[in-house]
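In the two complexes that follow, subunit A is the common piece, with subunit B as its partner first and subunit C second.
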Partner chain A sequence: MSAVTRARRYLPFATGGLQSLLQYRSMFFVTGVTAAAGAAVTVFLWRAVYAGSPGAGPGGFTAAGITTYLLVAQVLQVLHANRVDDEVAAEVYRGDVAVMLVRPVSYPLVRFAACLPVVAANALLVGVPVLLLFSFLVPMTAPTAGNAALFALSTLLSVLIAFCVNLLTGMTGFLTTNTWGVRMLKQSVVAFFAGQLVPIALMPGPLAAVAMALPFRGMVDGPLTLLLGRYEGVAGALGVLAQQAGWAVALAALSAVLWRAATGRLEVLGG
Partner chain B sequence: MTGSPPVIVAENLTKEFRVAERGPGLLGALATLFTREHRIVRAVDGVSFEIPAGSRTAYIGANGAGKSTTIKMLTGIMTPTSGRCLVAGIEPYRERQRNARSIGVVFGQRSQLWWDLSVPDSFRILRRIYDIPEPVYRRNLRLYRELLDIDALGTTPVRQLSLGQRMRAEIAASLLHDPAVVFWDEPTIGLDMVLKEAVRVLVNRANQELGTTVVLTSHDIGDIAAICDSALVVDRGRVVHQGTIQDLLRTADRRSVTFDHRDPLPLPAACEEIERGLPGVRASEDDGGRIRVDYPVAAFTSRQVLAFLLDRFDLADCYAPEPDLEDVLRRVYERDATESASPDQPAAPVESGAA
Partner chain C sequence: MTRTALRYLRLSLFLGGVGLHRLAAYRLDFVLGAGAFLVRVGIQTAVVGLVFRQVPAVGGWSYHEVLFLLGFSLLPRGLDHLFTDQLWELGRKLVQRGEFYRYLIRPVNPLFSLLSERFFHPDGLGELIVGAVLVFWAGSELGLDPTAAQWALAPLLVLCGALIHTAVKLFFASLSFWTVTSLPSMYAATQVSEFAAYPLDIYHSSLRALLTWVLPFAFTSYVPCVYLLTGDTGLLVWLPVVTAGAVLTALAVWRRGINRFDMTGS
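Let's turn to the complex of A and B:
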């Protein structure tokens, strides 16, 4: 079977997901308000920190630079809230995953197809408006065209990493019924080690080294490094992208192996 | 059903689960934080059977038959601990996706439709997933429109449908891609009589025109009787009955007659008189104020009982209901239990001529 035929089989999960999503339009409004409020708090806090340093402040950020970093980090976080962890965990917990398994499709790929409209809708209906709003309120750094293109590519890779991380988080439902705790833990770990709460450049040396080695770095710090031009030459930019791609492949392979193992010894589905 | 090659084969199919042992109460729950004891539960215990192609079989089982677990292995969701099964020549759990193309499934408690979408939208998605050819899709939709009144479900999201409406859509969805075998696992059909009949017609058509094999597990005797022509009764891993449902009913060891009479005799006295005249028979008042007589077929023929009643009472009405399938099954399981308890004692024959 050709790859195109295979991909076509997953397309209806994406369109169906979009259709379902459009039934909950007000949800995007709520997500947008929450994201904007969160962004406002961090942005005004950090702007106060950088107010005293007219040139490059801590971590080599200017006031406009750190503002851009935090706002785009917030938008990336919204983009990564693809709900895969919630839905996989719920379907495993309730046993609804059984229904998926009687279809001639791969469940992880179904989940991937179904999360694409969520990501796209979050980007268009929440991310872009929030960025536009703040661009009128506070000074931000405009990226060069090249950096913007690198950022776009890097963001796509970050979406893949976020999907795998959330899929793996959801799959803990096979091991524990308390996936809520696991999801909370994941959220905190990602927010911290991705550099969303505090840029990795501002972390103390050893901690920064750990953060740079983890896959979460590719979710926020990676794309922003490229957007703000905080890399050294072409090699530096390619290094960031290569690390992201490497983690995306590794996590996808890990998900596939664990998924196989989990379904092979599927038990907790009720008699 | 004779002569058709089997479409489903189970050979020594066994599935064991590990269940965490938990003490009672709060202390017991706390103890599991430190120690985990597991117990092995055998849900399916060495079951072997064959289901011929084109049959509509009720899969009935008591302890150790693990109906739903068996269905999960036949549909490829679970892998057996030992033994194996084949569906249309494929081992489902080894080639799950390939097997999924040739089967249709309804899990009574779970929906396979898209919760937030309408039924037609769900069907459009299924059409793409299963690559259903246009003429097949059109033909089936026409059939569902005609028999199940599927258009009445309109654009309502599935989550807002009633159970009966949803079940109709689930059943249609399981047949949409012309599967070779459909598994309906406790579909608690929730349909009224008219729709139950429609489902029956639908299944019969698929069965006759496409040779679709139907496997139903259900606790609802009505569903079984409406849909299935044959029964496969499995107990403790052995097939204890395979044949038509009528044959199964004929193995009943108790029959009953219900009647009303015009004599001035009070009810308890009438019952007493019957029990005295026919030793071993139980007479009691039924819900409608009539007298119900239960008699063992080993001791009396229907003719003897009826002759006695005609002789003693001025009958106003009288009927003999079908033997209760539930009773028959209970009897099958009980016999099995006593047999395994005393293996050297020959089992009493339960077959009898009284039908």
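Let's turn to the complex of A and C:
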């Protein structure tokens, strides 16, 4: 069977994901309010820090630079909120996952197909409006075309990493019924170590070293390093992308192995 | 009157006890929830710490003052959390699935009947403990010496803050009587309440107005903290008015909502 036919199998799941999304249009409004509020907290907090330094302040950021960083970080977070963790956890909890297992498709790939329209819709209907809203309120920096292109590529990789992280989070539904707690834990840890709340450049040495080594760095700090041109030469840019790609592959492999192990011991009550 | 009050108190204790039994059944879940919450507060504190590595003051607030505010903001939130978490279920599904009727046929006030289903929510206890630790630690680092009036008012300030949180939650949860599910707007309101953890002075003026007069979360932490830290009573006099206004508005919406509730047939 060719790869195209195989990929086409997952198309209905993607369109289905889009349709169920459009059923709950008010969700976009909420995601928007949540993102705008979240961005406002960090943006205003850090702008108060940079208020005293007219040129380049701590970490080499200007006031406009740090504003851009934190806002785009929030938009990236919206792209990563693909609901895979909720849905996998819920389907495992309810036992619906059993139905998926008898179909001739791979469940993780189904989830991936279904989350793509969510990511695209979030980018378009939440990310762009939030950026526009803030561009009226606070000054930001415009990236060069080259950096914007690198950022776009890096964002795609970050979406892959976020998918794997959320899939792994959802799979904790095999172990506990309190996936709410696990998801909250994941959200806090990821937001911090991805550099969404504090740019990694502003963390003290040892903490920054830990953050740089973790996969979450590729979700926010990596793409933004490229967007703001905070890298050294082509090698620096490629290094960021290579690290992201490496983690994406590693996490995908880990998900596949754990998925196999988990479904092996899955028990669902009939009804 | 006293007999009714006593009856409700006895019921609260009994039903709260039933809720605590549920904890014992899902121990790992409880540990996970508590752990996740501690990590969240820890990270919030770390962010404040990292901000103050760069500058000595933010918006005129020092490091320990901001931590005091952060801790204080958890107290009303925790108190509210302890008693009213069931409102999330109302916003999420009780109207949607037609399950709400069961609170109308019990021989107690429907609001009490609803809330009592999840009294003494343990997550609220965690918020209260962590908040108190932060407040007392930051207070002692600041060498804070509250007057007798401040000591006396402090618990009232927490109570009023909790009532504001409850009122906002009840208002948005009650909207589900019209919109079937109001979870999205409840989420959005909760997200806005996160602003209360930091000094109002750092925000844009439009945001300050929103937090003071529309969704009055400023009165749950910023206004009490300004009073406790500096003795300034500028906005404090508005606290009883705002609390009463918020609670009465929410109760009015709730009452109109239960009056128009129809069972879904099956």
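Just so we're on the same page, the second predicted complex is superposed on the first by the 267 of 271 C-alpha atoms of A that agree within 3 Å, B and C clash if a C-alpha of one lies under 4 Å from a C-alpha of the other, contacts with A are read in each partner's own complex, and residues count from 1 in each chain.
Everything that follows uses one rule, which is that a contact is a pair of C-beta atoms (placed from the backbone, for glycine too) under 8 Å apart; a residue touches a chain by one contact, two chains touch by 3 or more.
Owing to the predicted nature of the structure, the values given are computational and were not obtained by experimental measurement.
Visitor: Of subunit B and subunit C, which one contacts the greater number of residues in subunit A?
Guide: Touching more residues of subunit A than the other partner does is C.
Visitor: Just to be sure I read the superposition right, which of the two partners does A:G95 touch: subunit B = first, subunit C = second, or both, or neither?
Guide: Touch status of A:G95: first partner only.
Visitor: Of the two partner chains, subunit B (first) and subunit C (second), which one does A:G38 touch, if any: first, second, both, or neither?
Guide: After superposition on chain A, A:G38 lies in contact with subunit C alone.
Visitor: Report for A:V189: first if it touches subunit B alone, second if subunit C alone, otherwise both or neither.
Guide: Touch partner of A:V189: subunit C, not subunit B.
Visitor: Kindly classify A:Q23 by the partners it touches after superposition: subunit B alone (first), subunit C alone (second), both, or neither?
Guide: In the superposed model, A:Q23 contacts subunit B only, not subunit C.
Visitor: Between subunit B (first) and subunit C (second), which, if any, makes contact with A:T144: first, second, both or neither?
Guide: A:T144 sits against neither subunit B nor subunit C.
Visitor: Which partner chains sit in contact with A:R103 here, subunit B, subunit C, both or neither? Use first/second/both/neither.
Guide: In the superposition, A:R103 touches subunit B alone.
Visitor: Of the partners subunit B and subunit C, which touch A:R9 in the superposed model: first, second, both, neither?
Guide: Once the two structures are laid over each other on A, A:R9 reaches subunit B alone.
Visitor: Which of the residues in subunit A end up touching subunit B in this complex?
Guide: Where subunit A meets subunit B, its residues are 8-9, 11-13, 15-16, 19-20, 23, 94-96, 98-99, 101-106, 263-267, 269-271.
Visitor: If you look only at subunit A, which of its residues touch subunit C in the complex?
Guide: 24, 26-27, 29-30, 33-34, 37-38, 40-41, 44-49, 52, 57-58, 137, 176-178, 180-182, 184-185, 188-189, 191-192, 197-198, 202-204
Visitor: Which of the residues in subunit B come into contact with subunit A in the complex?
Guide: Subunit B residues touching subunit A: 17-18, 43, 66, 68-69, 72, 75-79, 96-98, 100-101, 103, 105, 107, 110-112, 114-117, 121-122, 124-125, 128-131, 157.
Visitor: In the complex of these two chains, what residues of subunit C are touching subunit A?
Guide: Listed in rising order, the residues are 26, 28-30, 32-33, 35-37, 39-40, 43, 46-47, 50-51, 53-55, 58-59, 184-185, 187-188, 191-192, 194-195, 197-198, 202-204, 207.
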